[in-house]
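By letter and in written order, the chains are A, B, C and D; residue numbering begins at 1 in each of them.
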């Protein structure tokens, strides 16, 4: 088992593997999200709750909650790969962290966007300094900081390690930030907190939410692997395996020096 | 004393050298040569531990430097492209700080004597920003006189020095080698060494860019 | 159908939330695919240039 | 150990005193930002009293940010940072010495001048005292956290802007409780105690965790 792990820990062998996995994850994501949306729109009540009913707009939570969950999970994934990279000094882990970041930032942005759209009909304002929305905003800043630092450093090794350290500092600070936003008055903490207890959510709401979350996970794998392949390719452009793979792929499609496209069609895509 | 096994370093995504190995016993000077961009400075910084090599081991007295940590740093004197001299401090203050950092406290008299030896008598109380480029470099080189470190790693120490200073530096290096130390050096000029052994290490070609 | 699209009068909020979400996610995938193609072209060109400058058979 | 700490501390203070403008710039930045606010929001006394704590704290955050950019930059440029890394001393100790010096030169003046600023916002004497105490506890945390960012952005183009992007979000807890303590002191002075406990806890945690993190960041940036 150990040998296997090390085999796939090298960029050269991970590249084709990721290529095979991308379409699978993408397909799973599409199916799960479509089922989730179908259940969410056609097998749920139009109103929620009794005394203070939430009308059709509550359906926004079918994307709001999954995007918010994903944004937090992906930040943990980012910090996790960063830590692994710093401890074991493996380049692939840094690349992984780097590949996850933009997807995480997109989910964070979407959580903010959908949160604002949910806030308008339910609270009467697009932006309220609600603790959870505010934390989401801070998380967005952390993602942006990570990506900005990484792209500001030319030397890829320094960029990887510096951004990784930042991600770890961020993950340590995040609970403290979250807590300080949730409880700005330490004398009286419970007031602002909106408790949400999973047991109190009706199954018809929970099921589409979970389906879409799983779909988003699958989607995140797909995009992270796509981005990872690009990162590997640019960084390893000098290496023998990239050269061999590209020249081989070219020979397969029979492309002469005249064609401008280097992408082989159809079957070859898994490898290249 | 210093032993390098199968060392490879990259800068960014470019591999500078790989599989590099050599041994540096006491009483020896290693002259690292190579064209611009061949990785001389990178090698020296890797030897100091300022830069983590991609692969390979560096041993000091038989133990990997990664495990020695600060203990190795204490036995080492590095002299880089930058002088490591604060322009707003006087020569005396600069050297006092350097000596304290080496945990090798010396009296001011010793520092003043060292500055005099390097040709800066009377300049010890001037902020170094008022000195010329060559004089600043001399202040930095006074560290070599004060240093008791057995390993010196010197990156282009001869640049910006006049003939007197070059002769003095050569004498200092020779003294270090004679007293049982080891020196790693990059320079474009031939070193006249009177005692000990000179080894040469040629780093591979870097394409002229 | 009209009822479904109307979402009880909250069509704007519901559909812009869902639209932005899936629009952005789809856009990300499309951008990544295009990006991959450009990178392949660029690296491929680099590799071919190197190969031309290097007589065949000689190790890199 | 202590000797090395003291050596770096006095070195940095001597250096700063020989270039006083850097210290004064930070201070005047703070004064100007705080003084500009009433011009923007109007000079109604009740409103200013409400905004005062937050404004002073945000200005302190920005001033500390501005000064941090230079924390390691000068040493990086002249090569002394390299020598610090190779000094054979625990790097986090040296970093701590530098941060302490930096706080004495940029944080402490803010604490001292804060009463003057608070008067512009017609805060009551008790609130002014609380503000000084909160700043005295909070600004060291800002310097310690900021050192990590300063080390990460060392020598980069546009490092200053990047630094604020990285570090300002991390300042939020200090801002929330620092300003909160002042606001609450107007109502009931006994209620400020948990705020100070929290700020104190942040300071202790930052003293323990931030220097090693900055040291690691410096090693990464110096490669």
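We take it that a residue touches a chain if its C-beta (ideal position, glycine included) is under 8 Å from a C-beta of that chain, and two chains touch if they have at least 3 such contacts.
In this text the structure is predicted, and so the values were computed from the model without any measurement.
Q: Mind listing the chains that sit against chain A and also against chain C?
A: Looking at chain C and chain A together, no chain touches each of them.
Q: Counting only C-beta pairs in contact, which chains form the busiest pair?
A: A-C
Q: So what's the Cα centroid distance for chain C and chain D, whole Å?
A: Here the centre of chain D sits 43 Å away from the centre of chain C.
Q: Report the inter-chain centroid distance for chain B and chain D in whole angstrom, where each centroid is the mean of the CA atoms.
A: For chain B versus chain D, the centre distance works out to 37 Å.
Q: Calculate how many whole Å lie between the centre of chain B and the centre of chain C, each centre taken as the average of the chain's C-alpha atoms.
A: 50
Q: Take the average of all CA coordinates in chain A, do the same for chain B, and state the distance between these two points in whole angstrom.
A: 47
Q: Counting only residues that touch at least two other chains, what does the list for chain B look like?
A: Chain B, residues with two or more chain partners: 52.
Q: Please list all residues of chain A that touch 2 or more other chains.
A: Within chain A, the residues that touch at least two other chains are 155, 157, 237.
Q: Going by the touch rule set out above, which residues of chain D reach two or more other chains?
A: 223
Q: Among the chains present, which pairs are found to touch?
A: Pairs satisfying the touch definition: A-B, A-C, A-D, B-D.
Q: For a test of understanding, state which residues of chain C touch chain A in their complex under the given definition.
A: Its residues touching chain A are 4, 7-10, 13-14, 16-18, 20-22, 24-25, 28-29, 32-33, 35-37, 39-41, 43-48, 50-51, 60.
Q: Mind pulling up the chain D residues that touch chain A in the complex?
A: Interface residues on the chain D side: 148, 152-153, 156-159, 162, 165-166, 168-170, 172-173, 176-177, 180, 184, 191, 194-195, 197-198, 202, 209, 213, 216-217, 220-221, 223.
Q: Touching chain D in the complex: which residues of chain A?
A: For chain A paired with chain D, touching residues are 138, 141-142, 144-145, 148-149, 152-153, 155, 157-158, 161-162, 165-166, 169-170, 172-173, 176-177, 179-181, 184-187.
Q: Would you tell me which residues of chain B are touching chain A in their complex?
A: 10-15, 52
Q: Give every residue of chain A touching chain C within the complex, in rising order.
A: 26, 33, 37, 41, 46, 55-57, 59-60, 63-64, 67, 102-103, 106, 109-110, 113-114, 117-118, 120-121, 219, 222-223, 226-227, 229-230, 233-234, 237, 240, 242-243, 246-247, 250, 257, 260-263, 272
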